[in-house]
Every structure is written in C-alpha cells, then in structure tokens.
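Encoded as structure tokens, here's the structure I'll be asking about.
Letters A, B, C, D and E name the chains as they come in the text, with residue numbers starting at 1 for each one.
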C-alpha cells in the first residue's frame, strides 16, 4: 500500500504508477481476426492501433503499465477518461467495472503463488471493451495465461473467431478466473500439509504457517469478492457493448466465482479450526509434562523424607539399633511407591 | 478440487470429467408412462431416446458421466448448450439451476456417509427438464434412491402417473432432499457419541473427531445451501415448464431444505460448544494434577527439611542428646502434616 | 429427528406420525358460539363437524395426531391438501404458515420445561382457519393452555364472542406465544442460578449446565424464529380470511415474538459470557495452586540444601566443630525464609 | 421479566401493571400554551383534560402507570385502544411506535445509572400524539428530564411555543435520547476505570465488572436499537399528525441514535478485548510463578543432591578424608548455581 | 464524548462547541475564481462574504469553530438552519450529509496520527455547498491539506478552474479521503512492527499495543463507514447542486472509501490473529519452563533419594561396609540419570 501514497494530494486523474517493479519499455502486441483470417503484429507506433478493418475484432495487449508516458499517449488516441488512466496505472486499485458509455472499463487481479516462500504475488489486469476492439493492460510479461487465448484465436479453436469483442472479453476474464482455481489449489495443498503436520508434529512453526495462510486468504478474498459483483454487473448491464447471447456464459462464470469464494471461506473455517487444535495440543502437552513431574515427585518425595528421618543423628532413636528395621524400611518404601503407582494407574495418568 | 484443474485453460464448454472413478461404460435406462400404461427399457442406441409418445412422460436415466463421448452424443441429440454439458461432466460443479428457455437444467449433490471411517462421499446428479421428458445424469449405479421412484411409477402409487414431467422432476429432487435427512441422521449419531465421550472419557482423539465432523458439516453446508435457492427459484419461475399446481409441493420442499440447513447450523453450534468443553476439561485435569503435586510437596517438603536439620553433624546440637526430642519431633511432624491437610481441606482441594 | 426417517422414500403427502408417544384414541371437542350463545360437545362421529350454524363460529379441537386414520378422515371431510395432512402428522415439522386459498394452515410449537431434569419438551400445534371455523390439532391432552380460551368463550369474557374465526385464531396463537414467556422465565431462573453458582462455587458440573442451557436455547430459537415470520405474514396477508381489523392485534403479537427472540439472544450472550468466566476461574485456581507450591518450595528448598550441607561427613569441615555455628545456621535459615516471604509479599502472592 | 408473567393467559388488552414499585396515587399535570400565553395546572378530575382551547397545544403528563384504574379512565376519555392501554401498563414492553390513525403511540425507555452499585434502572415512558395535544405516561416522579421542557415552554425559550404538538413530541423524544448520552457517559467512565485496573492490578474482581458492564450494555442495546427504527418510522410516516417541517429535526435525532448505537457497539468491542487481556494477564502470571519455581528448583536440586551424596555413610568414601574436598565441593556448588543462573539469564527468565 | 454532555438538555439548534481546544479568534479566508482569474483575501467583516461575482466560484474557509458567536453571525448571513449550526459546532458529530434544499451540508472527519505515542487525533470538517459557493469549517489551522487545493486553484492546475462549485466540493472531499490513506499507512507500519515483535520478542507490552491498535481502528471505522454512505448519497442525489458530470468522479471516490474500509477490516483480522499468536506463545513458554523443571526434578529426585538412603544411620546396613558399593552407587546413579535423559530425548523434550 505504501506506494499508494504517491497519489496523495495529486490532482484527480493524474497517471501515477504505484508499484515497485519497472520494465525497460512497454510492449504492445496487436491481433486482428475475423472468422476466416487473423493478423498478429508487434506495435511500434501507437497510431497503428486505430487502423480498424471492417467486421474484424482487434485485441491490443499493452504490457508495462509503469510506462506512464505510453499510457498517456494511448489515452489520447482512444480518448480515455483521465480517471480510467489513473486506475490503470494505480496497481493498488480495487477490482472494479465502470461503464463509461463509450467503453466499459474493467480492473482485475491475477495471482501467482510461490510454494517455497509461501508468498502470493498480485498482478493487475485492466481491460477496456469497445464494440470492435479490446485493450488489455498488464504489468509485465511473466504471466502466460493470455498466450492460450491468442493460440485459440490463431488456431481457430472453439467459437472465439466467430464471436465479437464481448466474447473475447469474456474469454480473458474466464482465463483470469481459472487462474484463481490454480492458486486456490496450491493453497489447498498448504492447508492439507498444515493439517498433517498438526496431527504428527505440532511445533510452534505451525503458528506462522497458519498466520501466513490466513493473510494470503485475506488478500485473495479482498480481490475476488469484487469480481463476483463485477461479473454480476456485466450480466445485468443494459450496455450495447455486451450482447444478450453472452449472458449464459457470464452466468456460468458467475457460478465459478461463487464457488471460489465458497472455497476461500471453507479454507478460512478450516484454518481457524487448526488454530484451536494447535492450542489444545499445547495444553495437552503441558498436561503430559505435569503428569511426569507429579508422578516422579509424588513417588520419591515421601521416600526421601523417610530416608531423611533415619539419617538424623538423635542419640535416642531405638529403630536404628535393631537389625530388621533397615530391610523393613525398604519394604515400607517399596509398598509406598507401589501404592502411589497404583493410584496413578487408577487415575489413568500412566499405563495408557 | 484437484481434478478441477483439468479444466483450467480449456475452451469454455469443453466436456471434461473432473472425477477420479471411471465406469466401464455408460448405462442408459428409459421409462415412458402415462396414467394407464408404462414401458421400461435399457437404451442401446441413443437415437431411441427421441421416440416420444403422445401425452406420455419419458424419463431417461443416464449413468456414468465419465463417459464424455456418450455425453457429447446425448448433447447433440437433445441440442444441449455446451456449458450444460460441461457442468454435467464437471462433478465439482456448485449446485445450480439454469433456465435455458428450451429446458431447465439442475445440478445437485447426493451424499453417502460411511460410519466406520466417518467419511462423506458426494455424488453429482444433473437433471434436465423439458415439457414432456426428463434426463437425469448420475455418476455411478451405487445409489438406489431412484429405484423407489421408478417402482412408484411402475406400481402406479401416489399421483405420479397422473402428473406431467415437472412432477417427476419434483419427485426426484424430493428423493435427493430426503437423502440429506438420512445423512444428517448419521451425523447426528456421531454428534451424540461425541458428547457422551466428552462427559465420560475426553481424550485427545476427540479433537480429530470434532475436526472431522466440522469439515463434513462444511461440505454438507456448501452443497445444501444452494439447494434452497434452487428450489426457491423453481417456485418463483415464470417458465412454462413448471406448472402453478406444483407450487404447493415446491414450497413444502423448500421448507424441508430450510429445516435441513437449520439442523446443520445447530450441529455446528453444538460442535463448537464441544470444543470449549474439551478445552476446559483439559484445564480441569491440569488443575487436578497440580493439586496432587502441590499437596504432596507442601506436606513433605517441610518435614524433609526438619529431618535434614537433625541430620546435621554439628558438634554442638543440644537437641540431639535428649531422649524426648526424637518422639517430640515426630509429634511436630505429624502436627505439621495434619495442619497442611486441614488447610487443603478447607481450600476444598481434597476430600471432595 | 430419528423418527423423521419414517418419511424418507415415502410418496409426498403420506400421513405418517413421526413421534414416539401414542394415544389410545383421538379426542375431538367442538365448540360453537355467537355473540349470545355457545354450544360445547365432544364429537363422536366426524361428520358432525360439518354442521354449521349461520353466523356462528365453530372451533374443532382434535387431540391425538398419532391417530393417522382419524386424521385422514378429517382430511376427506374438510378437503385438506395431502401435504397439509402430512405436515400435521409430522411433528418434526418446522413452524410454517401456508395460504391454501380455501384455508390458511399454521404449524407451531408449544413447550414445557421440566426444572428437575432441565429438559425441554416440544408439542406441535397445527391450526387451520376457514372463514367460519377453525380446527386445531394437538399431540395430547397434557397442555391446558387452550382451556383458558374455551373458558373465555363460555363466560363471554373479552371480545372473543363478538369476533369472527380470525380473532379466535389470533387468541390461540396469542396463548401459544404467552407459553413461550412461561418457558423463558423458567430458563431465566436457570441462568440466574448458573451465575450465582459461578460466583460462589464453580465446579466442572457447571459445564454441563451451560451446555444444556445452550442446547435448550437453540431448540427454542429454532422454533420461535419462524413464528415471527409467520405472524408477519399473517399481518401482511391479502387473504380474505383475516380481516383488517385484526392487524393491530397481530402487530402487538409480532412485537411479543420480537421481544422473546431478543430475550433468547440475550440469554445466549450471557451464557457465552459464563463460559468465559468459568474458564478464567479455572485459570485463576491453577494460579492459586501454583503459588502455594512455589512459595512452599522456594522457602524450604534452600533451607533443606543448607541442612544437607552440614549433614555431610567430610573429615575436615571446620564449621561443625564450633559451638556458635549451629544457632547461627538457624538464624541464617530464618532470615532466608523471612526474605523469601517478604519477596512474595511484595509480589502480592501472599497476604492479600 | 418475572412480573411479565402476570400477563400470561389474560385477555388481550387487559390493563395489568407488570412492575414492582407502586405509587400511592397518580399525579396528572397539564400545560396549555400558544405562542403568547401558557397555563399550567395539576389535574384533579380527568374530565378537565378534554377542555381544549382553540390553537393552543395541550400537554398532559400522567405519572404513576401502576394506577391502572386511572389509566382505564383516561383510556375511556380519550378513546384509546385496549392494546395501547395494555402497553402503557406493561412496563416490560419493547420500545415501539404504533400509528392508530387517530393518534400515534410511542413507548420508550429512560435509564438511570447508579455508579456505586453499577446498576442500570429502566423507566418506561409512553407518549400519545394527537394533532392538538400529547399525553405522556411516566412510572414515577424521579426523573426530572421533563422539567426542562416545561421550563422552556414557560419561559418561551427556543421555538417550542411557536410550533405544534408534533414539535413537543419531538422535544420529549429528544430529551429521552439526550438521557441515553448521559447514561453512556457514566458507562464510559466505568469502561475507562476497567482498563486502568487491567493495566495496574488485574484481579479476579475484574471478571464481575466485565460481566456487569456487558449485561448493562445488552440492556441498553435492547432498548435503544428499536428507538432508531421508531424515529426512522416517524420520519417516513405519511400520517398528518407529523408535519413535513419536522423532518429535518427527526433526521438529526435519528443521527443521534445511530451515534449512540455506534458507541454501544464500540464499548462492547472494547470490553470483549478486555476479557482477552485479562485472560492473557492470568497466563502471564502463571508463567511468572512457574519461572520462580523452576529457577529455585533448578539451582538447589542438584546442590542438595551433591550434599546428599557426601552425607552418605559408606565406610569407603575416599573424598571424605581429604582436607581440600570440602572447599572444592563448595566451589563446584557455587559454579553449578552460577551456570544455572547464567543459563536462565540467557533465556531471559531473570534479570530483565 | 464527555464534552458532548454540554448539549444535554439544551434547546435543539443551540450552537455549543463540544471540544476542548480553543482558538483565540476565528480566521476566515476567501478565494474567488473563474477560468481566467482568481482573487484571494482574508475576510475581516463577514458581510464581505456575500459579494458574489457573476460566473465566479467562491470558497470561504472558516477556521475556528469554537468561536460560536462568529458561527452564529455566519449562520444569519447565509440563512443556515439552526441544526446545521449545531452540527458544525458539535465536533462529536457523526459524519453525515444533509440536503437542505437551499444547500447541501456535509460533516466529515480528518485524522492525524502521532507515531510516538500511537495516538489518533480527529478533526471535524464541515462543508456547505450552494450552486456558486462553498463554505468550509475547520477546528484549527494545523492541517495543511487544503493548501494544496488552494495552490491548484491559484496555479490553475488540473480542471478545477474550469469547473463549478460542486467540483470544488469533490476536490475537498477527495483530499479528506486521501488523508485516510496517509493515516492507514501509518497504522500499517504499526501493524507490521507488531508482527515482527511477535515473532522475535513477544512480551506483555504487546497486549497494550494490540489494544491500542484495535481502538484506533475502531475510531477510524466509526468515522469512515459513514463516509461511504455520504459519497453514495452524493452520487445518487437528484439535487441540482451536484451535476451529472461529477458522477464519474464520485464513483471513483466511492471506490476509494470501499478500499479504505476493506483495509481497515483486514487490519482488524490481522490484529485479532496476532492476539491468538501471542496467547499461544505464552502457552508455549509455560510449556518450555515446565519442561526444564520436570527434567531437572525427574533426574535429581531419584538420585537424591538414593543418597538419602545411604545417609541413614541404621546400625545394620550391610551395603555400607563394602568397598565396592560406593563406586557402584555412583554407576547406578549415572545410569539412572542417563536413562532419564534418553527418555526425555525420545519424548523430544530435549535436544531439539
């Protein structure tokens, strides 16, 4: 959040990149297609972007939102609202949908999860839909989830080549939602490992794991909850940009986000339960330790007392002079210890 | 969830089975009936399915949704939407209802609970309703809950033979909801056993049982909550496929799901309470152990000290030379121990 | 819930009694009244029930819903929907209201609380309202709450004789809601006893009492929450069976149920707080025990060590030979013990 | 609640006082005013109450709702609905507003808080608004919050003399809401004292204080939550009795109740947090006690063992005969104790 | 809250300052601007405020709401409703928006956070919007957030000079919302420090920090939650004072407040988790301490007993006379101690 502060006190609509990582330069790729053909090229001059072909769909994929000058230029070419540009550059933006009459603006998050260091990385994806073209904005080149969609366009798989730009938008959002399933599955592995560890070897390290999982789930939740609203808004919109035939697909997508949110809530429940189990496993161990101490003490303290008594140096201690008192004392001590052991056995403190 | 990943990156509408178990081949059974007659047969060629009789109701029961090729063929014959087929094959699907104008699609879960290993198994049931026929999709043959409905059709029990396909749909959903009561009753037995165990012999095994019950209830909840919405949607639908006369039945069914959800929430409350009781039973036992240790120590530590004192080897210790000091010391020690015992009795640590 | 299973797999609308207790035979009492006169009789033949008098109100009170044959006969005479009969016989039914156009069907619960064994018993009351008559269904004769209403009719107290059957329905529901206040007051006594016990003598028995109260409150809550909705539905209904003039009374009744629900929630809050207090009272006692142990040990362990030192048998131990060393050691030991006591006093572990 | 039971089984609309305290007789005061004049008098005969002056506002203040005969007489004179009279006499009534067409009936609570015994007392205030007059009902004379309003009328302060009876109603409700701020401020003092005590000297007495504060806040919440709805209903009402010009005032009042509810919730949060802090302070103290015990034991137990060894009476113990062994043993013992101390220092158990 | 009491019993609409700090005199600054020019001056006589220029926007910035006489004068000049003036002076006011037809009144909070003493200070900002001018009310001069907006007006940065008074209002509210991000970022630093401290050195001081953070977050939440509603109300308003073109900006602002509220909730979750971790770290430490005590005791108590036995003075103790018994006893004691150590190693109490 700290880099969000760059924004404070700025004029509304200022294009300020709020992340840390910087690309050397922005990369813009463009793909035009209709049912029969497609053209793909890397854009060098942004003015090329506005060359539209009749009845073709154009997808402009802009990578490197930290290049704010390039963003500004794009903004001028496509006549974007200043606040839209601000939201694209502000990668701390909460996921949102905004119907700007001319175009529909979407801001979403993608995630990558590093299993080793149990870290969740977030990337902001912004999407703008016009009736004939789409611009997508990514932070960097790492994620390759969009390659699959491009491949589908190039190979003509599925119905994507027959449909309009709104179906392309749906395909991209669908890929993003699929990405959430991938991340959730990695989280699920962590949750299962955690529960195994709880049963076999609960150490205090587990607390950090619980806290880490909790916070990752909070991050996911914060970014995925709004996606549900966003897709619901797309489904119910009366904008001409999204056709009625897309509604079945959007409802399906909506169901997927609900399922993801359900799963996140389930994990949160399970993790909360894990903490309870860990806490009671500590209590149980304290119990065990106390039992050992108490058993040892209860057995030997009276015996030591007896030994102490007959270590006294009183002149007149008649027991000391008789031959049978020493073995008798041993018998008394053994019996005492045995009685104690039986008592603890009855109390189920030992012999389980 | 892991098998859900097979879906990731696929074209929307791909028919991919997301479960683990595989049947050798699909089994399709068909039953046609009107008020007076019925015909039952096993389908060998899917094209037989579309032979309809005037004013008869047809029920096609498809078993083995892992046979995705067969699913695809069915899809072509009945002109199903690709997303419907995807949902049928994806057995990780969240329960849903989808009004596709031509037909209404339902996806629900059935459960079987294994008391021995306390495991809950889930089977997905998909149902498609047209005005004159129904197709149901099951994962495998194990559950026999549908046999009872078929028997009712064959024997002409109840009003099922007099009603249309929407009443058949209601009957199937009613059987599924009845199945939830059966599972809940098994869970209830587990909850009662748990509470007995808590009172008589609370060991750490109970924690696993609590966690297991919790998670089973979470699974049930995740699958049954949407059923309430689904039945509510059916009741309020303005689709011609569901007639107004069915509403009273649907409201009754709705009440049953509300009752099931109430019961699940009650069990969750009771189990949460069980954890509290278990935790305080551990604390109580620690308490008991501490008391034993403290009583033993508090009685013998001063006595051992006294014995130690008169075990010293000072040349000048006048007490040692007198004859009455030894018995006097015994008296002092017994009185001290007795005073301690009285003190602990007054504190209610012993003698309860 | 177990007897609920009798229903599983049955045809919807089957009349199956789901309780355990059986009456020998059903008892049906009938009372007809108008503003000036009343007639009361025990019904032998159900066909008598349909003899209506012009502008009189008829109340048929059926006791013994386990007599399902009689229920069925009543059902035929009054043309009741099969699901209504099923709900009357199924005493596990969630409280509900159902507007069947011809009549309004209500299902409610009454409670009796046994203070000795702290057990809550539930009885289901079903009510059916037509424009000129009411049938009420009870499980058995034990509860006498309806006698007071009958007495009011006979003695002409209040406005009941001047009003129609909807006011009679209101009077019965009002009596049922009053019954909740009686039960809640008994629960309140238990809660107060619990809190007194917590302050004076918190033993582990309290945990069972807390758990018992919790579960009784869960049962009450499950049955009374729906009553609020039911009365709200009656108030807002556009059915001709309930006249507008009754609305003021229904709003008043609605307020009473809200008050009851508030009170239940308050009790739940207080009981949850009691558990916290009990848990911390255990912790406090562990603390007390530990203090006693620590004080005893800390005082005597060093002294015992000193005594041990001068009990050694070294040839060369110059202290042993001097006359003043023995009393000096006593002084050292008393000073050490006193210092310890002062230390613990300063720490406020003793002398409070 | 117990006195609520007096109501059980009564005819709806029975006037039964449900409190404990009784006044000797009811006191009725009456004040008439217009913009220029006012008249104040004590009413002896209730029929005086209906002498209205053209364009004057009349306020009748009835004290002593336990005088149910007087209430009944008032009810006849002003044609009050039986349920209104029941609600006025039933001081266990949940706060409510009821639009009876002719008049608007309000039932609210006032509180007084006794700091010494930390007890919250509740008084029920009922208000009835007609277009030209108001009757207010109080339990007894103690509270003097209404004197200020009467003074304002007499002295002509503010706009009260220029306004109608609805403004008078608003003024009275405003005074009641102000009373909540006074009580909350006393609760706030208790909360602050509690937190100071937690930091300086957390004893088990604090648990009772926490429980007491919790319960007082529950009582306040139960009575103030409905007030928000009541004022909201007044603001939105389409009754002619409340003029549009009052809406700004009512919105302001509504904000005040929201603020009060916010504050109550905040206090509940803080108190819940206090319990956590108290519990962990107990755990911390147990920790401290254990440390002292462990340090004492760990230092002296090995030393005592060594002393014990050389207190043995074996004939052949070569160490005993040498001169330097005794001082060497002392050195060993001091080194052992020192090593232990260093170990505990390193573990940060001492010397912090 | 205590100073809120000054209000109790006052006539609604009384202008009473409810804070503690007092300024010497109020400062009023005025800035008029249109697209081309601007005029800035300090106002000496409030009547200057009403000199409006055609098509210019005027912003009057009033500092020192404790100067209630000046407030009253302003109120008369601009014909403010008495309740508006009351709200401006009552700095305990809950944030609100009020559409008074002539003008729109807003009351908001700004915060400053002192990192040293971890204290959150609140300042109330009131804003009144007419079609051509705005008055803002501040408590004192400290905050300089408004200077940036004035600078923007003077330097003509952004679109502010081209827009009407509603855009100025938006700019001021935007600056206030930006202020929340600044405060949240400071809180975030505290939360991170807390979590580091938890992992490295969890002492009881942490409890105070947790409690302090919790309470600061409660304060923020109480003041920022209503801001969301306020901006939502502004967005949906049908008042002529706010033009449609502003809606995009207001939606953006709304998103920011949602993001702030999300962040506050996240922090609350994390802090609640911190308490759990702290509590279990205490339990873990108790565990560690108990282990040390138990290991020491279990090893030396049996040995001390053995030494005690052979320190007894019985005449007949055959072991004492043999030469090899003393070394043999040493061997036995070492073996016993070693066996104990192995046992504890196996139990993983040592050697980790």
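Worth a mention:
FYI, a residue touches a chain if its C-beta (ideal position, glycine included) is under 8 Å from a C-beta of that chain, and two chains touch if they have at least 3 such contacts.
Quantities reported herein were computed from a predicted structural model and do not represent experimental measurements.
The distance from the centre of subunit C to the centre of subunit E, with each centre set as the mean of the Cα atoms, comes to 42 Å.
For the pair subunit D and subunit E, the distance between C-alpha centroids works out to 26 Å.
Averaged C-alpha coordinates give centres for subunit A and subunit B that are 26 Å from one another. The multi-chain contact residues of subunit D, meaning those touching 2 or more other chains, are 279, 283, 286, 290, 293, 297, 301, 304, 308, 311-313, 317. Viewed as a contact network, the protein chains form a single closed ring in which every chain touches exactly two others. One ring covers every chain here, and the order obtained by setting off from subunit A toward subunit E is A, E, D, C, B. Residues 145, 148, 152, 157-160, 170-171, 174-175, 178-179, 181-182, 184-185, 188, 199, 248-249, 251-252, 255, 258-259, 262-263, 266, 269-270, 273, 276-277, 279-281, 283-284, 286-287, 290-291, 293-294, 297-298, 301-302, 304-305, 308-309, 311-317, 349 of subunit C touch subunit D in their complex.
Here subunit B touches subunit A in the complex through residues 1-2, 4-5, 7-9, 11-13, 81, 83, 86-87, 92-94, 96, 98, 100, 204, 207-208, 211, 214-215, 218, 222, 275, 278-279, 282-283, 285-286, 289-290, 292-293, 296-297, 300-301, 303-304, 307-308, 310-313, 317, 319-323, 325-326, 329, going by the rule given at the top.
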